[in-house]
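Chain IDs A, B, C, D and E follow the sequence of writing; residue 1 opens each chain.
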Amino acid sequence: MSIPPVLTVQNLRVEIPTRRGTLLALDDISFSIAPGEILGFVGESGAGKSLTGMAILGLLDPPGRVASGEIRLGERRIDQLSQREMRKVRGKEIGAVFQDPLMSLNPLLQIGDQLVETIRTHLPVTQEEAVRRALGLMRAVGIPAPEARFTAYPHQFSGGMRQRIVIALALCAEPRLVVADEPTTALDVSIQAQVLQLLRQLCRDKGTSMLLVTHDMGVIAETADRVAVMYAGRIVEIGPVADVIRNPVHPYTRGLMGAIPTLKPVTGPLAQIDGAMPRLNARPVGCAFNPRCPSATDQCRNESPRVTSHGPRQVACWLASAEFADHKELETA
Amino acid sequence: MLRFLSTRLWNGLLVMTGVSFISFLLFSYIGDPVNNLLGETATLAQKEALRASLGLDQSLIVRFFKYLGLAVRGEFGISYRNLEPVGQLLMSRVPATLELSLCAAVLALGFGIPMGVYAGIKRNSWLAQTMQVVSLVGISIPSFLTGIILILVFSVELNWLPAYGRGDVVALGGWTTGFLTTSGWKSLVMPSITLALFQLTLFMRLVRSEMMEVLRTDYIKFARARGVADRSIHFHHALKNTLIPVITVAGLQLGSLIAFSIITETVFQWPGMGLLIIQAITFGDIPVIAAYLMLIALLFVLINAVVDLLYFQVDPRVRIA
Amino acid sequence: MNAVLKEAIVEKDIALSATDLGRHFPVGAGLLAGKLGAGRSVKAVDGVSFDIRRGETFSLVGESGCGKSTLARLVAGLDAPSAGSIKFADAGQKDHRIQMIFQDPYASLNPRYRIGTAIAEPIRFQKLLPEAQVMPRVHELLRQVGLAPADALKFPHEFSGGQRQRVSIARALAGNPSFLVCDEPTSALDVSVQAQILNLLRRLQEQLGLTCLFISHNLAVINYVSHDVGVMYLGRLAEVAPTRTLFEAPKHPYTQLLLAALPQLDTRGRDKSPITGEIPSPLNPPSGCAFHPRCPHANDRCKAEKPELTAQPDGSQVACHAVQERRIPVMFHSA
Amino acid sequence: KTFTWTASADALSMDPYSTNNSFTTSFMNNIYEGLVRFNEKVEIEPALAESWSSVSPTVWRFKLRHGVKFHGGEPFTADDVVFSWQRVMTPGSISKLNLADVKDVRKVDAFTVDVETKAPFPLLLNQLLNLTIMSKTWSEANNAKEASDLQQKKENFANRNTNGTGPFMLKSREVDVKTVLVANPTWWDKPKHNLTDVVFTPIQSDATRTSSLLSGALDATVNVPLQDVQRINSSGAFTVVQGPELRTIFLGMDQFRDELLYADVKGKNPFKDVRVRKALYQAIDVEAIKRSVMRGVSWPAGMVLSPQLNGAPKALNTRLPFNVEASKKLLAEAGYPEGFTVGMQCPNNRYVYDEQICLAIISMLGRVGIKITPQIEPVAKWNVRLNTMDVSLYMVGHAGLPMADSYALLYDVAATRTATAGGLNAGRYSNPAFDAVLPKIASELDTTKRNALLADAVTILRDDVAYIPLHQQPITWAARKGVELKQAPDNQLRLWLITAP
Amino acid sequence: MNTTVVSLPEAAPPSAWHRFLDSDFVYAYKRSPTAIVSSLTLLLFVLVALFAPWLAPQNPFDPAALDLMNARIPPAWLEGGQWQFPLGTDGQGRDLLSTLMYGLRISLMVSFCATLFSLVVGVTLGLVSGYAGGRIDNLIMRLADMQLSFPTILVALLIDGLSRSLLPRSVHEQLALFVVIFAIGISTWVQYARTVRGATLVEKSKDYVHAAKLIGMGPMRILFHHVLPNVLGPVLVIATLSLGLGILTEATLSFLGLGVPPTSPSLGTLIRVGNEVLFSGEWWVTVVPGVCLVILVLAINLLGDWLRDVFNPKLK
């Protein structure tokens, strides 16, 4: 690795103490994001995607906490920073975009004020300069006539426009990394396409890296460079998007791919993974996926699989090596 | 906006008419002024004569419409007790009550909101918990007892504050104010504390829970994620949002401060509307009671309207685009 | 309705036919609102006509706020149309029953009722079975949707979203429906669970021969379950076509747009030129064809005149001046 | 010297004719005067009239005082007396109820007037207490020729402004808040007081009133709650003045209905039986009430008249003995060996410890088997009950005021109730023998004979046990040490007799 | 949507009682000293009130059992006190301890009935208002507005007056208590109505209501079978808090002389009477019931406050 990654997460464990014991919400998460790279996170609801993003932002809701592992921004370790220091990192070095644009903006404050406040929090600029920058940002995210809409309130914007403003807010201080947690889930397809386009373009222009959380594999396919598939608090597979989509190795990823309906003529029932993802407090012994896995072995039922690297891909599955062997054959064939 | 105002007006009218009828019903059922006017030894003939001359012998409906007809023109008759025109009498009591309520409201809001914000931000801190319990003790004591205890301590034992009345007042046009004299301010202390205690607790608890809710919303989370400072998050972003329910409740509470300070005014002999109404009730001073109820209903209608307008001010979402 | 079309479907039995259906919501409330206000209204559904054949699934697709749910409620009889009519072929017959599956699995079950009770409610209330047979039937239904009979004693909060949706389906089936309305039954679910539900619905429909109105905003889902598809835009139908026809030969620019915008697994790197513009507010719809502000082919006629659904040679119906005038290239599907 | 005092309520109006509320009347007596007035022993003494004589049995001639000036400076003459008489007879006046026996007032010359009564009437002087004199010129000039009228829509000038001849002049008035009087420097009488200003601030709440006194904000208070006496005394800075009021508290019984409203005895009225009434009487231990409820300050009564009341037969002020056995026996004889249940109507804010007295009585009657359903209510409601005779066994009190005469009390309380008589006879006691004595008393001009007749009347009531007398309640005032209040049994504070240190 | 984590034992479903013991509610309860102490206090008070006739040394409501000779005896530990009257006696010779127990009974009864009454009225009107909407809604909400302009004391007077003129004489004696209950109840229904209306508006648009409609269920049945159980959470909180307020309101009405009859005194009446003798050295007459009342109301309020936090879905 010649270029040092923007973000490195190593063996991250997040625990949530509850009344029925401590839940292990994120288990042994490791990944890194290169400059300008878009890393997608997919997985079912509750798999721990948002939690990962929040852990990076240092915004875990108490009583959730980082139990072990480390998070580095460039060279700097940020998981142990005090709230005060972390505040300087947030917004300035890591931007964030959340799922619901309607909920992300303070309904009682004008758009302009929210932008200016954020700019002035991070950059030593005058009010006028901040206003100027804010207008520039609004223009950059594609809001027509920003001067006229500067004093508008969030409710006066449509969902798509609002998400553009959220993006503008996230990019105020030109952060190195943006954590986008389902930025388009609440939007309609046609608007979703616009917003994704915008995000992609901004990242490309500024060289910003992005952690893109979504549960829509299609979005990942169109947007991300690499993808991490999460299942029950672990990353089960991570690798370049094209590879993962074309040749999913982990049985869960494979099931997932088959379950996605397409526009092609329907030939038979969709691939179906029976059952549901276990809750955090009822995670089975061994591989968390083993009860739903068609090819689970005794090893799967007893031991949690280690993450193994296969070229650019890493997979947490006891059967992965065999799989890769098959693929190799296939590919060479 | 026009539609909004017209709906308000219509609703207000409806409420006023309802209140006037119900308050009028009170007339026949809450004691007979004739006895108080004539003394208990008056003979039946004398009482009948007076009753007839007051028109009390007519049917309820006839009296209601007569009354309504006059009331619409602002004529509420003459108080049976003071022989003063009712309008004038009520108006002379309004300043005292308004000043007292204002002080109480300022106390309640001025202390309740910061305390609530604190308790909401640091909900598990020792101080916040103590404030919770102490404020609850405050509303668990009946206000007449609070009043008497305050008097005992600060008037009788310490002799710091006057036990009754408004002190010296200054007349400014038709308005009398106690704000311009030392004795006026001194007199305000105990009654406004007594009156504010309940509201203070209410606001504190309301702001606390609203604050706790708002602090969990996504936009606060997003503000944190943008690195906005805690102070700005608490007092700029969060507080403003908690204000919306606070406005509603504050409006209603201000209304009831004005309308129902009966106990406090009685205990401190505060010459406001509360004292007037309790005296009117004891005496059976019907014109005063009726006019008072109309005034209160009007007050609530107005407060409702003001609260709505404040919504317009605070919450851009309700402004009709 | 078009004569050609009528002939085409005559051999198949029509279960439901909606004609010029409209539902308008007055804006603002209050006693005087009607008198003093401008009397504005949201035309959530406006002049919609379609037929559903017995045993088939008709799907509606469209973006948020275009009136899909309103239409579903009209069909289910939960709401009365302000214009037009809905005719069921077997209306008035004893076994004419409509049931509905809702979008939000968390709100569609009463949290206070055990799911057994919830499923039994339609049976008990409509007295479909004697009391002794109610619980066996509930257990049977639970099994049918892939749950265990023992689950009957649990409360909704003990289930995941997908399981709840199964319960909802079981409850809907408990009412022995002859017609089933599904309002985005999978949009709150994860793909893997969505696949389970879609498979289940398809199987059940085939087994029970149900007639369905299926609503979704996801064309891929629609593709999987339906025989015919209607595309809605701002309360009106833009295009109605048999499923394959729609996907292979979309005619309305909006349909094309929807198809293009849907993120696909195999469209990596495709730098689409996304459709510009926002979905207009239904409060203040554009004049003429509601889609004209976003349509690359719009001309003055589109701005002024509302297009009507017109039949196309391949059995689809399109409401678009450009298509009618052949201003844009139109593909036809050859079955 | 400024004298600051308080009472539980304000004077209702400054128009002396607009009400006969006793506190207002007593307050107004410091500003307006009549031809005669009461001294502190509640005896008639000349005021604006210097002397009077009888012209005929129905006509009295009054010689008016010379050199008297109203507060506004107008000289006082017979015209003012005649004007006042005319004004008091206007429709809005309520004082006229207390001048019912006066037929006419005529001017004889500038300083002489004749008063004609409807019949020979010994109590004319007492009745004339209610005719306070207002200035004719002032009233006419200020459009206050008629008494304040509730029917009018405008306030009467005299409701807020005064112009009397009395020892004090009204300086300022805020209703229910503060009324300030100043001494009249040109008063005709030689002032016994040494006050320059009088500040009156009503305080409704008992505790606040006492607190204010204790806090030093007041010089004196009337209506001191009995329970606060000890605290006031113990502070050392105040003196408490206590004495019996003219008011006697007694129990009345419904002796009219054939079946009581609130009793479990059906078909008959036990109170029509004198044995039952007597049994109730003997079951009540007034000494215990005095000791425990009244904190040792009450004067057990043997008749409905206070012994201090003009003409009261003092010798008859003896009680039947408290005797539970006798009471039970009487009940058994009357046919109620097990007692019965009856409703009792009491006010709870009218008399001293009214509610507590009733509770004590309930407990005492319980011991002889009479179970009481209490109906204890605020005065406004209790008043209505008395008014509508909605009573069975009820507490009531009467002081014989404003005339302060025994006859007036007996007439109100025990005359057979008609439209014009027996105004307070809510139990409708009726004895023809008693009714026959009353008119004789009314017109008997000879005091000795009159007193004998009064004794006869009282005897009838006692024999009938028409009422169960309880006690005279105390008047309790308190003042800063050194202030002399001159308490009188009519419970009127006469400012012109007060000296402050 | 964040679901709460609940364990899913695969075995037979747990019994209702077990489920209750296992609920978040019980868990939160066990962890809150405030909730435990206040609920135990309340329980103690309720038990004492319920069993007053068996626990109290004297029946203070039986006038025949009282002896004026025993009036104003101080508490037993003070000079002049007697152990026969542990907390002393009042001016009627009533044993304060017994009076307190009975007073508690009356206070709780009045407050409980008033709360129940306003709850029933408020919840019903709120449900109907929220569900029916339109004119009915408007009418009910205007009624609520009107209600706000009437002080409780006037309501008490009005009800008293009305019932007196409308009901036969024979029932008047028992009225006093009901008048107080009605007056307090009527004064607080608005709160329930508004809350329930709000909740109903939310619930009625939920799909389970639609599902019920689909099988042809009538509005009343839907309201009471489906909607009602789901809006009761906040109602319970209000009810708890207004239970405390009711006790205070009753005390205040008593202070104004409009409370329950003095022969069956409530805590409020006791304080009112005690209030009068605050200066006279017989402090126990007011302090004892006063402290008792404050503790009771405080316990209720603390419990209500805690419930509010626990039931607030937005704080989960």
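Heads up, the rule we're going with is that contacts are C-beta pairs under 8 Å (C-beta built on N, C-alpha and C of every residue); 3 or more make two chains touch, one makes a residue touch a chain.
These numbers were taken from a predicted model, which means no experiment stands behind them.
**Student:** Give me the fewest steps it takes to get from chain A to chain D if each step has to go to a chain it touches.
**Tutor:** Minimum number of steps from chain A to chain D: 2.
**Student:** Among all chains, whose Cα centre is located farthest from the one for chain C?
**Tutor:** D
**Student:** Return the chain pair with more inter-chain C-beta contacts, choosing between A-B and C-E.
**Tutor:** A-B
**Student:** Could you tell me the distance, in whole angstrom, between the mean C-alpha positions of chain D and chain E?
**Tutor:** 44
**Student:** In whole angstrom, how far does the Cα centroid of chain C sit from the Cα centroid of chain D?
**Tutor:** 87
**Student:** Distance from the CA centroid of chain B to that of chain C, rounded to the nearest Å?
**Tutor:** 54
**Student:** Distance from the CA centroid of chain B to that of chain D, rounded to the nearest Å?
**Tutor:** Distance between chain centres, rounded to whole Å: 38 Å.
**Student:** What parts of chain D, by residue number, touch at least two of the other chains?
**Tutor:** In chain D, 207, 211, 214, 349, 378, 381 touch at least two other chains.
**Student:** At least two partner chains per residue is the criterion; list those residues in chain E.
**Tutor:** As it turns out, chain E has residues touching two or more other chains at 8, 138, 160, 275, 278.
**Student:** At which residue positions does chain A touch at least two other chains?
**Tutor:** none
**Student:** Given the complex with chain A, which residues does chain B contribute to the contact?
**Tutor:** Listed in rising order, the residues of chain B that touch chain A are 217-230, 232, 236-237, 240-241, 314-317, 321.
**Student:** Which of the residues in chain E come into contact with chain B in the complex?
**Tutor:** For this pair, the touching residues of chain E are 34, 138, 142-143, 145-146, 148-154, 157-158, 160-162, 164-165, 244, 248, 251-252, 255-256, 268, 271-272, 275, 278, 290, 293-294, 297-298, 301-302, 305, 308-309, 312, 314-315.
**Student:** Provide the residue numbers of chain D that touch chain B in the complex, in ascending order.
**Tutor:** Answer in residue numbers: 9, 12-13, 15, 18-22, 91, 94, 97, 148, 150-156, 159-160, 174-178, 201-205, 207-208, 211-212, 214-217, 349, 378-381, 383-384, 386-387, 396, 398, 412, 417-424.
**Student:** Which residues of chain B touch chain E once you look at their complex with the stated criterion?
**Tutor:** Those in contact with chain E are residues 11, 14-15, 18-19, 22-23, 25-26, 28-31, 132-133, 136-137, 139-145, 148, 152, 205, 209, 212-213, 216, 252, 255-256, 259-260, 262-263, 266, 277-278, 281, 289, 293, 296-297, 299-301, 304.
**Student:** In the complex, go through chain A and note every residue touching chain C.
**Tutor:** 44-45, 158, 160-161, 188-194, 196-197, 215-219, 221-222, 241-242, 245, 255-266, 269-274, 276-277
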